[in-house]
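Across the two complexes that follow, chain A remains constant while its partner is chain B and subsequently chain C.
This part shows the complex of A and B:
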């Protein structure tokens, strides 16, 4: 039941073409003195869930932050809908259809739930459909409707995560980047979030999900990459990786 | 002690409070969105006051008519300083402590330069002019026309800014940037544009406040410093970057000042304001009215 680890490099060359919906090639990213990502390449499954798993400090957040334009990319290329978007600002990336739900949620604490959602639709494309999107978000998270005039900072952790997800969806994205959406949440709520993610792809969204909750993530992922020390060390379908011996010992503890 | 209940003191406190609230609002917008500590803020008030003075003396222009022009003029100073001194630093996402420290030093220099330029150009002699100084008796309270106008215009500015911040999507973008800079970028806000608008508005309304003040008080190249101090006291009282808290604190400080001076003497004004400043910093640095905002 084990699939051999595939070298990221050789596969990538075959998989990455400019006609891909979203792909990343040979990405190098760092902060002032630290180099964090050393040549990461990946391709998102269009209309599916692509997972990036890895332990603390592997570079998952750095990867997603660079993809949404808030950490500058050192070198490498990012292509989205056949266009090179490597050096675009966060504002342009959001306007183009890439939306990020950051680790730690980053909601606006002194704005109401409704204001948080409204400001999520600030890009022109999203603003044109904001009423419909708001309706859909409220249906997906009825709790947000109940709390709509409450300040974001007064919500519980789970509710804040729903708000962060809802705000990300208000941008009317084509690609949603999710950074550890279940971090620090009670198991029940985490389960709820994992249940919602496949629904998002049913709406036509493409999802890139960074997670440490490996078994849950692999069970919903169409394709997954394992990130270690800033490099991809393993990749495969969610199902294959779930059965992979190396994954089982390193991440699933059995 | 009956005089404490007089409408006269109440009116004076409301006028001063509205001016403090407007000036501090400008400072708060600039600090909140960019974490720049503008200790030249009072000098912008001074420039607005001189602009109104010269407009009135040379062109016979009522300061009330000249308000938009004064606002654009001081707003343009803000844009110039933003473009030359701060834009690049902000785009590089420097840490907050670094922005605060470097802006404090740079604005200190700006403040000295502006005071000296004003002294050179206009001399250090205080000036004043008479405009709208008819006294109206309303409900037993004597009010000069220019003080009524100051109150009305200031309150109108406060209401307009609050409506903008809470109703308009661009206002929400300003609040978002104040509350969480990285999140503002994540949701796709054009941070540079919000900063530009904030510094334009912050400097513009400080200049307008100066024009209002000039109708009723003497002006001089050194009139700015007390306003700088008062507005820092106000925004610290209200919680740095907390817009509503700052407005309430503006009125609160004015009430404390007017009533305390009425009970003692005008000589105590500075001691009082510095005392409140130090007291708040020591006892409640997060502000009386709001919690400190995260970076």
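This part shows the complex of A and C:
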């Protein structure tokens, strides 16, 4: 294994730029006494996929949850489209265009698929375009259209993930935060999800993806950060990191 | 989950009219029965607007009733009734709005206990205020006749039913549904959970406040321990469990059942009434988690 797999996004990378679209500076986050993140900084590739990889407990979920406003930020700054959004509530962040698809999906089990999707478009900006968005989501996930009147809780794990993704898209986001979208899914389904993610950027979305599945993630990521014990220890393009010896021994097992 | 299968407006009006005809046309005893029925419908629909929608079970809804009763009794013969009854609703709503933020910080059993304790707290504060004023109870001479009060109460029951029906169909209602299903998820997708909860909590207190005011007039005297009786809170929850809080028909069915059962049994044999009521509650929890209204859905083949 000398040459890493070719990134699916080599063509895409040509038109993506590092910018101040979304960046995080020196973020410290903790729960009560326990400090989880110490000084995390990262910049999202506008219109591309930025990955945060790391093992269980490294702080990936905490990072994403603090970015979407459901875990309070201790110190540091988060800026989005040139504005400081550090201490904004989840409601305002979603209204402003940051949407989170949480780990474990968190769909509403006793609502139908359609109701789950509709409730995702509750912010005023999303409401204005909700019919078009719903159409687009149904096209992206034909499975959801088939099951639109079924209760969310009766869907399979993969379908629930699609529903969570669809619900996140219904908020008409500019930035999508995805927390372990393939966690607990069968490998075949996980593969499907990884196939869909690049399509999201083709719609003009910027994606920040936290994942444990390192090789798959790096192969679709434009840029990636490795999070360990609450700090960034390594960063680089997906392609470079796939070829990195430290990554290969620590995460890929060869 | 059963939702949005509410009642059409025409059915609500027809039901209210039937209740009026029954209450006014069958003698004074039945006027009181109809008044009680309308009261429980109004109280339980309002309770449902918050607790049924959000899953935060309030075991202290009597606090709104008691505050409303106090406002009407306190201002009796000072402020005309057409003003004091709405004021009772406003006072109860404002009180709920005031306590909502701290109270809604807790969930599950803690919320249940807190709401119960809050009602008791307000009860004893008002008891001390009244004692300080040298009033152990207030007589309300010249209160309107039950016939008049029945009109108001049926109006309140219809209004509470329409309100619940409307909320079920609104974006506000969908947000509350999401909170009940998974509050953190709701917050994550941008639902203003705190604002919605506070609004629903305050809204659910307004009509019970007016109901309390009307009931103070009905009993023609006001006594703090009576209008803050926790049994009122318990009965509301009982009606909601038996009838089902999933849509606006549940509280009506539950109230019909409870008032019917109490008419048949409570005077003849109060012990058997309570035993039966307990059995019905257990039976509903075990076999009819969606209440009597769930039977309608099953029969209709709805989900």
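As a convention for this text, the second predicted complex is superposed on the first by the 235 of 254 C-alpha atoms of A that agree within 3 Å, B and C clash if a C-alpha of one lies under 4 Å from a C-alpha of the other, contacts with A are read in each partner's own complex, and residues count from 1 in each chain.
Note that contacts are C-beta pairs under 8 Å (C-beta built on N, C-alpha and C of every residue); 3 or more make two chains touch, one makes a residue touch a chain.
Every value quoted in this text rests on a predicted model; they were computed, and no experiment measured them.
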Joint occupancy of chain A by chain B and chain C, clash or fit: clash
Which superposed partner A:64 touches (first chain B, second chain C, both, neither): neither
Partner chain in contact with A:185 - chain B first, chain C second, else both or neither: neither
Contacts of A:218 with chain B and chain C, given as first, second, both or neither: neither
Which superposed partner A:155 touches (first chain B, second chain C, both, neither): neither
Which of chain B and chain C A:91 touches, first, second, both or neither: both
Doubly contacted chain A residues - partners chain C and chain B: 68, 70, 90-91, 93-95, 99-100, 102, 106-111, 115, 118-120, 122-123, 167, 171
Complex contacts: residues of chain C adjacent to chain A: 1, 171, 174-175, 177-178, 181-182, 184-193, 303
List of chain A residues in touch with chain B within their complex: 68-70, 90-91, 93-95, 99-100, 102, 106-111, 115, 118-120, 122-123, 127, 167, 171
Of chain A, residues touching chain C in the complex: 68, 70, 90-91, 93-95, 99-100, 102, 106-111, 115, 118-120, 122-123, 151, 167-168, 171
Residue ranges of chain B in contact with chain A within the complex: 169, 172-173, 175-176, 179-180, 182-183, 185-191, 242, 293-294
